[in-house]
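Each of the next two complexes has chain A plus one more chain, namely chain B in the first and chain C in the second.
So, the complex of A and B:
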């Protein structure tokens, strides 16, 4: 297990470093001067003032030097300060990372709680109405753009029933109940969207496992169908389901961009969007780094979970 | 025809999806000739209205006709998606097939780079690029097309490698056929179905990405409508009248659903051995 872990960790670090380097170079090559935006229309048109601020921020140095400085500071846990607010980027990230993780975690929970049973129904009741309904529900959840799903949920649960707040964020320390209530709709939106992916995989994988010899044997020796599914087939069928969570982790994270905007959830994605609009380089880099790190962390956890469940994956040749 | 379209699991879903998509495409293509109201005409007396005799699908926050804006929005959404798929396909297939004919070392290195890009969530890169450059049709197409090219490369690389190792291709190669000849006469004709399926999935991804970006205000500039952008601005009036936002939202939803249903069907028909 240990060499497998080390190998995965190393490859995760290489991926993160590669992604960070590409992002750093790309955003500096894109047109648009943050200093001109910072200074506003009047001072922004004065070349002397712009040059002075650029020098202060180190933006006049060659790109390679800027990257070395940034990477060097990063090694000391320093991501620079926001060009807009002057606040350390790390502080802002530390505030927002838990909120984004909370949203993703709650969404994933919803997706699994709804997706796996739906997949089982779709596989068991193949060709019957319940199976068809489950399949349709899965494709619908997966095809609905996240904001459409979110708006429909707001219409039903906020506007229609008045049970839940339509948007906003309340810190847990201020009011735990309101905090959890404000989490429900964003998490449901992410979860119901991702549910389709999980349900489809569960159905396909279960159908495959049900045809294997050991399940046929279990049935042949007289085990009821339900028991054969839940005791023998489902645990094995879940291995590819765990894998698909890792493969589609990008969709899960990408969904938060829309969700955070729709529900005013102050996480990493909304930080990235506002920083991108004002070309706040340090914040953009910091937010992207944090998002990629979360993404790689999810893939890593998924790989480890698979390695734990299925020993065959741990071998280097597999 | 209907019987042929009826697949094992979907029943009538394939013909319905095909019919709906045909309708949307026809509306988008012939939109200006349909005699609709001007999609930019502001009607201050009818803000955020539900369907009326004059405005069949209601109006938006400036009183503009939602039916004609939805039809013009379809033009933007479908054009961006189609052009992005074309670009992603051209780039991706070129890279994917090219990589399969590189030497072993270079092949491994190149596919590792492609893998990094396949796994990165596209929307984060796209939103930074568009916030910097500004949203317009060519930038949207280029950004979305480039971001989905690695997926095409990944898929076609695998298939090209398989075809290259087949006996009759090895025989052709040992008889002196060059790589160019093999790619043109053996590899590309044999991966048409894979490319078609990948294109159909990429089409729905591209539509969703464009809609998401436009929803955030990063797509085409107002007043030009796109479905995502209409949802983005109308969602603020949800509590005034929930009807208007549903028009572009459901148009987008049903179109993507139809594309996905057809994609699944295409997958079943063209590559029955590839059941996931």
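So, the complex of A and C:
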């Protein structure tokens, strides 16, 4: 497995380098001048001031030179300084990434905790009322747009019952309890939305596995249905589920814009969006680079996790 | 001090459309209580703390809390002393400021005339990208003694004091800035509050400045800024009382929140929506076509559709009604009149109709909705308007290049002085006129005359002519005021909403004397 990992890592690094190059060129080709936006309505319309500030930030250099500077600094682990905030991009990312990972992790946890049992129920009770209910719940979860789901949760749990804050990130260090409370609604929104996908995936995969010979054999030996499912069928059935959780996790890294906005959770997505709108090049590049890197890391972790539930994947011959 | 009195009267009247909240009068019996933290939710993200580069409405409030200019505005909109305890105007070109002797920056260094010179020179340096550079262009700053400083313009300028009283004219410490401080990330001011912690685009926490130069102020212990872009999140946070106050109450929520007994909504028009033309390109190079557009637009409909009724139509010029410069005679100029619009188009040779395009910011409902209403209105008189939706960065670039036929633009009132027209439409201003090469000699002359005089009585007739000229030529069509509302819980006391150019500053002006019941 080790050579496989090394090969994957190498190809990942090449992909990363190519992707950042493409991103660099693409964002610089977009219309819009970061300085004109940054200086606001008044100074931003003043060509003299705009030109001077551009020069100060090195934005007047040829694109090739700018790229070499950026890539050179990157080789030393320096992602540059945000044009807007004057803060090193690394500092900004180090604050935002943990928040995003926490939100995504909590959301996926909710999705798995609800989705897998729901899928099992749907598979076991197919054709019965419980199975139908599980299916309906699953479909409702993923067909409701996240903002509708989010607003609904806020209306019920925050404005209605007053149990949870409607929005607002509280740093863990400031107040651990408030921090966790403020995580509940956004995590539920992500989780309940994705739960449906997991449930359906589990159900389909489980139904498939239940039909396999080894499960039939286990059943024929007299193993109760429940035991057959949990001991033999489910671990295998979960392999595709884990894959889809991994893909979703990668997706969510830059894809929780609506959730972050609705719940005022300052993660990676909102940083990327506001940087894109204001053409803060170093931040866009840094954030995308981070997202690519984490994505690659997640794929590796998923491979390992699949190996854990399915020993066949662990073996090199597999 | 007569100059100062004149200014006071002028600004009082201008109060720039002051919608002075009745709260202050009704609750005058209550004595302010010290202490507490005000949690303030803002729509705009503060991404820089540089006090000289405008960074949005929340930035303005924050800067007013952290820094002080030489003079400032009070809750009635009058110019009052801040770092300068007094001043005199030897002539219409210059002002001599006498500093308070006892003021220190947060880091303990005293404020001197040299810091004033350094700050104003920093604003004048194009490399700063300072907001007020164009207003102060040509000014020289002379240190007379450590506590006295003279600011001089090359020609008479009635706006000088008013400009120096804006928050963007904050005084910073020479030693601190030249020592390599990062002004975008840290602060060292003389304002009522000090920066405790700050995360760009997320939050800023302020604590009382114990040595603020106005004794007894501020009342609050702390202010917590939370930047919440999402309208729903901001409103919900106020509703669930996890915030005490929010800015930019969405128009759709104004009436709903007003019915809530636990809340107050104060609003005033601080910006106006307008249609900008490229007067050097067909078909809007012809004033008749532009006026036809003005007659054709249904401003009531725009207000209802885009602002839920909170967007008072402007049929004349965008001078607030309680300003001494407001000209009633112009009030009904562009009441909707389709016959006149068609006649003007026919006169311009477009009896069969014309095609034109309009650049529209796609990121905010008020822009897109307004554009759709305008498009339907103009269709009725035979103008086929093609809408070009763009995101903000593209819009700014096309505006600065003059690359458009027409465009919808929300203009925030730039100055509590009618000389703002020079910024909007003056030939030397790169805001709108320069990129498209617009210069109206008649308007230029009137604006120069108005700027050279300081007595409002003498200036009034000039600005009446200015506005008449602007409406006759209609390089912009003024559509409606954009009411900007602050919403807060009843326990929040001492807030006063001003209008016009001071609308955005209102929370900053009120902050030192706001308190929690």
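Just so we're on the same page, the second predicted complex is superposed on the first by the 288 of 318 C-alpha atoms of A that agree within 3 Å, B and C clash if a C-alpha of one lies under 4 Å from a C-alpha of the other, contacts with A are read in each partner's own complex, and residues count from 1 in each chain.
Just so we're on the same page, contacts are C-beta pairs under 8 Å (C-beta built on N, C-alpha and C of every residue); 3 or more make two chains touch, one makes a residue touch a chain.
Note that the structure is predicted; figures quoted are calculated from it, not measured.
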### Task
Put chain B and chain C onto chain A via the superposition and say whether they clash or fit.
clash
### Query
After lining up the shared chain so the two structures overlap, which partner does A:132 touch, if you call chain B first and chain C second: first, second, both or neither?
first
### Query
Is A:277 contacted by the first partner chain B, the second partner chain C, both or neither?
both
### Query
Touch check for A:295: first (chain B), second (chain C), both, or neither?
first
### Task
Scan A:18 for contacts with chain B and chain C and give back first, second, both or neither.
first
### Query
Does the superposition put A:159 against chain B (first), chain C (second), both, or neither?
both
### Task
State whether A:140 touches chain B only (first), chain C only (second), both chains, or neither.
first
### Task
Would you check which partner chain A:151 touches, where first means chain B only, second means chain C only, and both and neither mean what they say?
both
### Message
Between chain B and chain C, whom does A:30 touch in the aligned arrangement: first, second, both, or neither?
### Response
both
### Message
Applying the document's definition of touch, where does A:206 land relative to chain B and chain C: first, second, both, or neither?
### Response
neither
### Task
Could you list which residues of chain A make contact with chain B in one structure and with chain C in the other?
30-32, 151, 154, 159, 166, 261-262, 277, 279
#### Entry: In the complex, chain A residues that touch chain B
15, 18-19, 23, 26-27, 30-32, 126, 132, 135-136, 139-140, 142-148, 151-152, 154-155, 159, 166, 201, 204, 250-251, 253-254, 257-258, 261-262, 269, 272-273, 276-277, 279, 284, 288, 291-292, 295, 299
### Query
Which positions of chain B touch chain A when the two form their complex?
9, 11, 13, 113, 116, 119-125, 127-129, 131-133, 204, 208, 211-212, 215-216, 228, 231-232, 235, 238-239, 242, 245-246, 249-250, 252-253, 256-257, 260-261, 264, 275-276
### Query
chain A touches which residues of chain C in the complex?
45, 47-48, 53-56, 126-134, 182-185, 199-202, 226, 228-230, 232-233, 236-237, 239-240, 242, 363, 391-394, 396-400, 412, 414, 423, 429-432, 435
### Task
Quick one: which bits of chain A touch chain C in the complex? Just the residue numbers, please.
30-53, 56, 82, 84-87, 92, 95, 151, 154, 158-159, 162, 165-169, 261-264, 266, 270-271, 274, 277-279
